[in-house]
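One chain, subunit A, appears in both complexes that follow, with subunit B as partner in the first and subunit C in the second.
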Partner chain A sequence: MFKRYWKWLVLIVASAVMLAACSGKQSSTDDKGEGSSEKIVLTAWAWNVNVGALNEAMKEFQKSNPNIELKVEDIGRLDVYDKLSTGLAAGGTGLPDIVLVEDDRIHGYVNAFPKGFVNLSEKGFDQYKDVFPTFKKDLTSVDGKFYAMPFDAGPTGMFYRTDLFEKAGVKAEDIETWDDFLAAAKKIKEATGAFAMPLDKFKDDPIFRMMLNQRGIYYFDQDGKIDLTNPKAVEAMEMLKKFDDAGLIKDVDGWNGVVSATVDGSVATVPFGAWYYGTIVDQAKDTNGKWGVFLLPAFEKGGNRAANLGGSSWMIPASSKHIDEAYKFLEFFSTTKDIQLMAMEKYGLFPSLASAYDSELFTSGVQFFGGQKIWELFANEMKDIPTAYYTNDYAVALDEAIKAQADVFNGKDPKKALEEAAKRLKDRTKREMNTY
Partner chain B sequence: MKKISLYITLTIGALISLFPFYWAFIGATNESGKLFSKQLSFVPGTKLIENVTNLDESIGIGRVLFNSLFVSLTYTIFSLLICTMAAYAFAKFEFKGRDTIFAIFLLSMMIPYHATVIPLFKMMATFGWLNTYKALILPNLAYPFAIFLMRQNMLAFPNALIEAARIDGAGEWRIFFRIVLPSMKPALAATAIFLFMYQWNSFLWPLIAVSSTDMYTFPVALSSLFGLSRIDYGQVMAGVTLATVPIIVFFLSLQRHFISGMLGSAVK
Partner chain C sequence: MVEVNSMTPKVEGHTKMKKHVWKKKIVPYIFIAPSVILFSIFMLYPIGYSFVMSFQTSAGGEMTFNGLENYKRLFNDDIFLKALKNTFIILAVQVPMMLFLALILAVLLHSSLLKWKAMFRVSFFLPAVTSLVAYSIIFSIMLMNDGLMNQLLEWIGISSIPWLSHPFWAKVSLILAMTWRWVGYNMVIYLAALQNISEDLYEAASIDGASKVRQFFSITIPQLKPVILFTAILSTIGTLQLFDEPYTLTKGGPSDETLTIGMYLYQTGFRYFDFGYASTIAYVIVVLIAILSFIQFKVSGDER
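And then the complex of A and B:
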């Protein structure tokens, strides 16, 4: 009777064998990697251009450490967090030896999984306390202990179209305050039709965050209290509203919308971190030579114009079997000037290692930006950047701040919108709220 | 006259549905920034080969395409077999607690997938299956919706035929494979397409279960192209275009059965 079904049986058995064979091969190569004691293979999770930088640094590292190898898995930026959170929640299973994490998430991860990551201060990283700017040090350490090694940063600037400014007779050097910029932006709109800035008005608030950071405040204060009702925050929101009321903000759809506005010339400036340089030169090739950068305008004459947006650092999961090797390699990566310069030159990753800034790369002009020394501008900004306090409730706070911004653009009074957002945030996080 | 307006409506509908694919194709044939600029035309550009070459360099097209095809096809075959057998049992056998078990199966569809990811991940880690094809294929083999779909189709199968076969001396396996399954071709085709697409598009689980680049499936590999700021949209669009091809081929090859399956269940 079974004759009739031999076809099915053969199919099933064949597939099962195939399945077993494929997976068997996989695990046997894994065993080899761990079994031989001479070669140590470190694994790392990183995204995009960081992968190339890491691999190249390893080549240099191997010159003095020939027994260490590196396998970098190229993972989407947001996908890294899905994998990392799952692995940590499963008690450190399947995690790499090295993982790249954005600065705004470091405190959240360390607070949620206090035993999940290696305390780098215990390994001796404190000796490098003074080679990084203060804000970066604060972002990578929790309660005075380093949990991440600082890598790239995002000092902010106003990327602007020199041709549009010229056409409107506006000079970037004359813009010192946001009020100056408002007046200039009106002129530009009249003369060229270009908006001042792109913004996904109802879904993201990068400009608001830069304004908060530049004024030394953030969603939370140093003690973790909700600080959205700070008069400085209200002023920042009011400023955004002034731009919107004057029809100077181009409402765009997400990241792609910002890129689109950058490429098609419908906005005269894009306020972003230094990393936006890469996007401009990659996507807007036709506008070569027509760009410039100036610092964020201040809120009052002579006020602070430095802020940071973005940036990432390296962490070592505590489950790693090669903590010492990972530490040694990352220490080499993060504190070696030439490595940081390589990452900057080849991959546009702006270093936070202060000693890198006096090299030629930072003091020469950039042709795409009409010969302006933009890297010098960003480097000089670094030391003045105030610390932003993200906490482990950053994601919730971001959500509420965006809602407040949306309310403001829908006509609500900025002060009231921020007060309501702060109250909602208080309900959601059970944190204390500052009153003014 | 009525027919003409019907055709016009259908044509407009078809154009609207096809436009995203065409747009992806245009993107795949142009340089990254072009997609955003005002001079973008609707005539394909000249950068297709360059974009595909770059994409191959970034993700290794051959390998991820093989992974995706292998995983999706194996999954479809096994899952179809298991689900139809389960469906047959639920539809045609009387046993204690049958309907309760079936109800539990259906209810399990309501558990959000994200809630099961961490326990599943732990389980796979315990078995040592992380980063293997097993972890990609095995966990969802018994797929409640596919069982439900097949069961509903099998309910309509006349009991008299099964009984007649039993009287003639056919064993249960023989009845299942020789008598029931052949009449289920349309439903099988529909379920196969459904399972194939489910596995082909699956993203979160492959992302988490697999950790080395050479085990990536197509969607995971495509997602790795997204960094913070430097995204090559030409590569992304070339990848998206490529990723839709197998689904279209699979669908077209089963289309005849699929459409008759839809009509069939509508009449029933």
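And then the complex of A and C:
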């Protein structure tokens, strides 16, 4: 008797499991309403200030599309990726219609889940390819096809404390190369005790990445070959080492560490993307008027000083039930000048839409920065930014580069550390390695 | 199986009784069905599916079988081997140290001489229930270059220590943090077990002239052996799956020196999207836990 019921039980359990496994694709959006008269609710995942920008853009959009509504879920940046990855791995289950993704992850996602996202070129996005800077276009497209709509960018700059510079008798205009900056930083440290830059030395490498991007190289080259041993990369790492040896780098813990160093004035400059403006204005209110921006120093006189760090774009998961509506809204969001200006003015999100740069906002001075025209500076930088080649192995490469940097700060020779990192990367990704 | 009502025709009574017996048999299964079904959906199915995935690799977004390739790759993967080594170093140092400390604390707090027992017990147990976020933030602030620990060291004349950035000290920091968090938990388990040791044993021992230290090693430890084994296995499993501390304090750095198998598993799955390989790592952890638990049973000579 027992045996028979046991069989039944197993059957029930098995069918329950099958049901759970086969319940298949489900979008988190409302199912009803293919007809244009009915309400369509789009869902989106985004974080931080992007949520507000998206909501306000929807209000404008609704003036001509009253039947479309938007529900934005404000999820932490890394949580978005965790949820997105698991959703894609489960064949698109539970994904929203719109998701914000940082540029350095786009290629990784598209390569890992080629059918996971809507090919925007097929929807006609190619008509906009000339309104965005080249590097942004390269980041949002894979094999010449758009998979993401460009949103904000992160042209880099050195945010610096004008009062500390003055006290040390250093002029930002005179700093042209990293060597100039090294000399200036030593003076500043002596006069004010402030470090040159904050850096999470053993866990992150943003300055190294900016230096690579500025010099037209990255972890990988255009063909996807490992390029960490490029002499220019070695030189960049050696430069960081020089700053560290001179005691000019403040070792901080993560993002919060950088912010508190910015607020308490223990660093004289913070090299970051334009989006850091929002944080400074928000967190360091007491230092109103004491800030300025200059471009990254070059490696040789007259060399390139433009680079990009961060920035994000919008993607549409292929499992969305309202692809056309999501496309229409995002097209409106990404290519409408006024929307981009709103995002910039209210939320400090630097647009990559080139036509936005003509507006008054970009040519007027910023009071918090002592009246300096910082937006003009960033906007002019955009066209000179070289493309960074992230590839689908970016996450591994980033980890290996951080390890190399940690090794260097723990005393290893920069060239040797980068060679070892490149070899590990080769083992892990099976990619070819450039030899110099 | 006796007919109750002789007035009822025989056939009907038989089916009634059959129904009754059937009900009796099926009801328990209905009662346990919710938990069995939930367990199957949320535990058995993932466990089974990840086993299948451990033989698969992702090619162009589709999972395809690649035989034992993942397992072969694992044993030639320098980073995995490093993570394995790190995990075992932490295991070998941290678990015995923590358990011994917990045992001593338990014995001290069990002593009849001590006042404010409840307060001590609570304060030693508190770390185990502290929010992970608060705990990791406080530790990273304390262990910063100009943090509390280094300020204290400088105050007593020792030069500051790179707690989170030196290959050796980063491991020490992890071990310190883990010990702080779990020593009280194990202590409470020992305290409970200590209540069960008969006072007679200690009395007899003191009449024989055995010192307190001798009593600790010859009575307390042997009497607690099954509990010590239990906590050792729990801690071993916990350490093999170690993720929280390296993730929040060092991110596995500097240069993978504090990377644990658990962290590598997370990175492989959720940073590199290599779910197949991540499942392989998960199954290797399972096998390791099984082997280590078996050894611990054998070494302690407890056949029960």
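One rule holds in what follows: the second predicted complex is superposed on the first by the 399 of 436 C-alpha atoms of A that agree within 3 Å, B and C clash if a C-alpha of one lies under 4 Å from a C-alpha of the other, contacts with A are read in each partner's own complex, and residues count from 1 in each chain.
In this section, a contact is a pair of C-beta atoms (placed from the backbone, for glycine too) under 8 Å apart; a residue touches a chain by one contact, two chains touch by 3 or more.
What you are looking at is a predicted structure, and each value in this text was computed from that prediction instead of being measured.
Asker: For A:T134, using the defined touch cut-off, is the partner it touches subunit B, subunit C, both, or neither? Pick first, second, both or neither.
Answerer: After superposing on A, A:T134 lies clear of both subunit B and subunit C.
Asker: Thinking of the overlay built on chain A, is A:D427 touched by subunit B (first), by subunit C (second), by both, or by neither?
Answerer: It touches subunit C, and subunit B stays clear.
Asker: Quick one: is A:V49 in contact with subunit B, with subunit C, with both, or with neither? Answer first, second, both or neither.
Answerer: first
Asker: Give one of first, second, both or neither to describe whether A:P96 is in contact with subunit B, with subunit C, with both, or with none.
Answerer: first
Asker: Just subunit B (first), just subunit C (second), both, or neither: which does A:A406 touch?
Answerer: In the superposition, A:A406 touches subunit C alone.
Asker: Touch test for A:D282: subunit B only (first), subunit C only (second), both, or neither?
Answerer: first
Asker: Between subunit B and subunit C, which one contacts more residues of subunit A in the superposed model?
Answerer: Greater contact footprint in residues on subunit A: B.
Asker: I'd like to know which partner A:K71 touches here: subunit B for first, subunit C for second, both or neither.
Answerer: first
Asker: Contact-wise, after the overlay, does A:D82 reach subunit B, subunit C, both or neither (first, second, both, neither)?
Answerer: After superposing on A, A:D82 lies in contact with both subunit B and subunit C.
Asker: Where on subunit A do the contacts with subunit B and the contacts with subunit C coincide?
Answerer: 1, 5, 8, 12, 82, 89
Asker: Across the complex, what residues on subunit A touch subunit B?
Answerer: For this pair, the touching residues of subunit A are 1, 4-5, 8, 11-12, 15, 18-19, 22-23, 26-27, 30, 43, 45, 47-50, 71, 73-79, 82-83, 86-87, 89-91, 93-94, 96, 102, 256, 259-260, 262-264, 275-276, 278-279, 282-286, 310, 348.
Asker: Under the definition above, what is the set of subunit A residues touching subunit C in their complex?
Answerer: Subunit A residues touching subunit C: 1-2, 5, 8-9, 12-13, 16-17, 20-21, 81-82, 85, 89, 108, 112-116, 201-203, 251, 253, 395-396, 399, 402-404, 406-407, 409-410, 424, 427-428.
Asker: Once bound in the complex, which stretches of subunit B touch subunit A?
Answerer: Counting only subunit B, the residues touching subunit A are 31-33, 36-38, 58-59, 70, 74, 77-78, 81, 117-118, 121-122, 125, 128-134, 137, 171, 173-174, 177-178, 204, 207-208, 211-213, 215, 220, 223-233.
Asker: Any idea which subunit C residues touch subunit A in the complex?
Answerer: My answer: residues 25-26, 29, 33, 36-37, 40-41, 44-45, 58, 60-61, 78-79, 140-141, 144-145, 164-167, 250-251, 253-256, 267, 270-273, 275.
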